[in-house]
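Here chain A shows up in two complexes: once beside chain B, once beside chain C.
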Partner chain A sequence: MSYALECKKIKRTGLISAFLVGGLLASLVPILNMAVRSEMYTHANEPALQILLDANWQMMAMLNLLLTVSGACVMYHIEFADNGIQRLSTLPFQESSLFFGKALVLTVLDILALFIETMALAFCCQYWFSNGAPFGSRFFAELFANYGYLLLLMLPVILTSLLIASACKNMWISLGINVVCVFTATMLPTNNFALSLFPFALPFQTLAGTNMDQAIYFMISVVIEIIIIGIVELIYLRIRRCFE
Partner chain B sequence: MNMIETKNLTKTYGNFSAVSNVNLHIPEGSVYGFLGPNGAGKSTTMKMFLGLTRPSSGSFAIDGKHYPENRMEILKEVGSFIEAPAFYGNLTGEENLDIIRKILGLPKSSIDEALELVGLTQWRRRLAKKYSLGMKQRLGLASALIGKPPILILDEPTNGLDPVGIHEIRTLIRSLPEQFDCTVLVSSHLLSEIELMADNIGILNHGHLLFEGTIGDLKKNASFRGYPTDNLEDTFLALIDEDNRKRGGRS
Partner chain C sequence: MNFFSLIGIEFKKIRRSKILWILLAAVIILWLPSIFNAHMNFEMQDTGISPQSNFLIQGFMGMAWFMFPACIILSTVLLNQTERGNKGILKMLALPVEPARLCLAKFVVLLCLTIAQILMTAGMYFVSAAIASQTQNYAFILSPLIVFKEAGLICLSSIPMMSFFWLLSICIQTPIFSVGLGLAAIVPSVLMINTKIWFAYPMCYPFYIITSEYGRMASNLSFSSVEFFPWLPVAIGITAICLIISCLCFGQAERR
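Showing the complex of A and B:
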C-alpha cells in the first residue's frame, strides 16, 4: 500500500519526467561519444560493451547519481513543505513504510532510467561494433547481467540519499549533503575495493571487465550496506521522537 | 466514563517544563475546551496524545488504551488537527483526503462526506497549495473528520477563518458529539470561543492545569476567589494573571 501511496504523492512533481529525460540524457553520452570519435574505440580488442562502459560510464553514473539524489530530496521535500509528514505521523501508519515506499518508487524510477541507458549501449554496440551482424543471446545475457549489476549497486545510494533527506526538513541541506557525497565519491579511486564501498562510489563500478570474484564481493557488500542503512533509518525514526 | 485521562503528564525540554504534572479527565461524548494563553502547553499536550512527542514522565490513556503500548490502536480512533493544516501542496484537496482514506481503509464515499461537512466540496479539485488559509484550515478539519472517528483532537481549529467560517466550524464542532457520537478535545486561547462550544474546560498556564470543570464550576470557583464573574474573559484573565504573579513572572 505504501508504494501506491508514494506513487500518488509524486503526482505533479515532475519526477517521472525528470527520470525519463535524465535517462535519455545519460543515453546520449555513449551515442554522442561514438558519433564524434568512434575510430578511437572500434579498433580496441576488448568486448564492445566493456569498451563503451570504460569510455562513458563515469559520466553516465554521475548523471544517474545526481538524478537519484535529487529525486530523494524532492520526495521528502513534498513531505516537509506543507507538513504532510506530520499528518501521516498522526495516523495508524508506520513511518518506516514511508521510507521503504519511497525507496521502492525511486528504485522503479532508476530501473526505468538504467533501462533507457542499457538500450542506448545496446544500440551503440549494434551500430558501431557489430559490422552488420546481429548480436547473439550471449551479448544480451551480458548486457542484462550488467544492467542488473548496475541497478544493485545503485540501491545503497537510493537508501542513503533517502536517509539523509528524511533527516533534513530543509531540502537544500539534504541536497547539499547528497551532492557533496556524490563529488566525494568521484574523488575516490575506483580500483580500491575498500574505498569503492562508499555508497555513492558504488555506481561507478561496472560488471563488464570486472573480475567475477570481485563482482561477487561487491554484491555481498551491497546487500550488507542495504541492511545496515535500513536498520540505521529504523533506529533514527525511533530516537527522533524522543527529541521532538 | 473518561475517554481521555492523564496522570501527572509532564514534558520537559532541558530545564524548560512545557507541561507539568497535568491530570486531565475528558468525559466520553463531550466537547472539552482546552484553554490557555500562547505557549501554555496545549499543543504539546495534544502532540503527546498523538505520539508526536514522548512524555518525559507521567502517563495517559485514551479510550482505555495506554501509550506507548497501544499507540497504533489509539491513532486508529483519533482524528486530529494539530497547530497548522498539514497537507501535500502538489495534490488537490480530494487527493489529500484520498491518501488518508486509504491509510484508514475507509470507503470512497467518506471523502465526499468529509468535504461536505467542512464546506469544501466546491474546491475539491483545486491544488491544496492554492487554497486560501481558511480553505487549508477546512481541509485540515476534513482530514480529521474523515471516517467519523470516535475521538477528535483539534488544536485551534478556527485560526485563519473569517467570522462566518468561525461560526460554521464552531456550530459543527458543537454538533459533533450528537451527530457522530464522538468526544472532542478542542484547544483555543479564547475563552469566548470555548464558552460557546465546550461542556467542560481545562485551563492551562505555563504547563500547569489551573482549573478543570464546567463553565458553571469556573464561575463558582472565580466568585469564591474574588475574581470577576460577569464576563468569563475577565475571569480567565484574572486566573492567568494571578498564576503569573505567583510564578514571579509578568502580570
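Showing the complex of A and C:
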C-alpha cells in the first residue's frame, strides 16, 4: 500500500521523466565518445565491454549519482514542503514504511535508468566492436551480470541519500550534504578497498575491471551496508519521534 | 525602496539557512586530500611546476571543476525554496516592488555567497599549506597576491555560469529539473575544455581558466593561453541574456 502511495506522490514531480532523460543523457556518453574517436578504442585487446566501461563509466556513474541524489532530495522535499509529513505522522502508519517505500520507488527508477545505459553499451559493442558478427549468449550473460552488479552497488547510495533527505527539513541542506558526499567520493583514492566502500564511491566500480574475489567482497560489504543504513534510519526515526 | 535595502532584506531572509556551514564543509573536504598527499607535489618535476604552485593549483582545480558549480546550484535552491515554502513569494510580489529588481537583488546575494565561498577556499588554502609545510619541512605558502589573483579569476569567470543557473532556477518550477539539469550540465565540462568551442559553454569557464593557469605555471606543458576575443563578447552576451530573461520571468508562475 505504501508503494502505490509513493507512486501517486511522485506523479507531478517529474521524477519519472527526469530519470528517463537522465538515463538517455548518460547513454549518450559512450555513443558520442565512440562516434567521435572510435579508432582509439577498437584496436585494444580487452573485451569490448571492459573498454567501454573503462572509457566512459566514470562520467556515466557521476550522472547516475547526481540524478539519484537529487531524486532522493525531491522525494522528501514534497513531504516537508507543505507539512505533509505532520499529517502522515498522525495516521496509524509507520514512518519507516515511508522511507522504505521511497527507497523502493527510487530503486525502480534506477533500474530503469541503468537499463537504458546497459542497452546503450550493448549497442556500442554491437556497432563498433563486433565486426558484423552477432554476439552470443556469453556476451549477454556478461552484460547482465554487469548490470546487476552496478544496480547492487547503487543501493547504498539510494538508502544513504534518502536517509540524509529524511533527516533535513530544508531541501538545500539535504542536497548540500549529499552533493558534498558525492564530491568527497570523487576525491577518494580508488586503490584503497576500505575507502572505496564509502557509499557514494561505490557506483564508480565496475564488474569488468575487478577480479572475482574482490567483486564478491564488494557485494558482501554492500549487503552489510544496506542493513546498517536501514537500522540507522529506524533508530533515527524512533529518536526523532521522542523529541517532536 | 532602494536597491541596497532590498539586498539587505534578502540577506536577512537567508540568515538562518546554515548555508555557510555547508559551503565551509565543502571547502574543508576539498583541502584534506591535499594535506594528506602533500608529498606527491614533489613528484611533478617533469612538468616543470614548482611544488608550492602545484599544491595551490591542484586544490583550485578540484574546486573549479565540480564543487564550485555545485555550490552555486545549491545557493539557487536556497534562494528559491526559502520563499516558495509557506508562499512567502506571493507576499513579496504583492508589495509595490518591481519583480525585476527583486530578482536582481537575489542574484547579488548569490554573487556574495559565491565570493564568500571562494574567500573561504583561499583562507583554507593558507591553513592547509601551513600544515603541509610543517609535515613536509618545505615552504608551501605562496604570497597572498598570487592566491587571491587565482581566486579572483575563478570568481569572475563563473559569473556567466551563475547567471545561467539562476535562469534555470527561475524559469523551471519543478525542482528536480532545475537541479538535475544544472548538476548534469557540470559533468561534461571536462570534455568541453578540450574542444574549440569551449567559450560557448559557460559551465566550463572557471575550469578552463584554472587549467590554463596550470599550463602557464608548468613550463613543460603546452596548454594554450586564454584568448579573449571570441570569449569575452560571448560571455557577456550569455550573462546579459540570462539575466534579462530571468528578470522577465521572475514571479510569472506565481502570478498566473
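Things worth noting here:
Just so it is clear, the second predicted complex is superposed on the first by the 244 of 244 C-alpha atoms of A that agree within 3 Å, B and C clash if a C-alpha of one lies under 4 Å from a C-alpha of the other, contacts with A are read in each partner's own complex, and residues count from 1 in each chain.
Rule of thumb we're sticking to: a contact is a pair of C-beta atoms (placed from the backbone, for glycine too) under 8 Å apart; a residue touches a chain by one contact, two chains touch by 3 or more.
Quick caveat: nothing in here was measured; it's all calculated off a predicted structure.
With both structures placed on the common chain, the touch criterion links A:81 to chain B and to chain C.
Looking at the shared chain after the overlay, A:13 reaches both chain B and chain C.
By the document's definition of touching, of the two partners only chain C reaches A:62; chain B does not.
By the touch criterion stated above, A:173 is placed in contact with chain C alone, chain B being left untouched. With both structures placed on the common chain, the touch criterion links A:89 to chain B but leaves chain C unconnected. In the overlay built on the shared chain, the residue A:22 is in contact with chain C alone; chain B does not reach it.
By the touch criterion defined above, A:214 reaches neither chain B nor chain C. Judged by the touch definition given at the top, the superposed model places A:42 against neither chain B nor chain C. Contacts of A:5 after superposition on the shared chain: chain B is touched, whereas chain C is not.
Within chain A, the residues touching chain B in one complex and chain C in the other are 13, 81. Residues 47, 50-54, 72-73, 75-76, 78, 80, 82, 84-91, 95-96, 98-100, 102-104, 127-129, 143 of chain B are the ones that touch chain A when the two sit in their complex. Residue ranges of chain A in contact with chain B, taken from their complex: 1, 4-5, 8-9, 11-13, 78-79, 81-93, 241-242, 244. Chain A meets chain C in the complex at residues 13-15, 18, 22, 25, 59, 62-63, 66-67, 70-71, 73-74, 77, 81, 170-173, 175-177, 179-180, 182-184, 186-187. Touching chain A in their complex are the following residues of chain C: 17-19, 22, 25-26, 29-30, 32-33, 62, 66-67, 70-71, 73-75, 77-78, 81, 84-85, 174-177, 179-180, 183-184, 187-188, 190.
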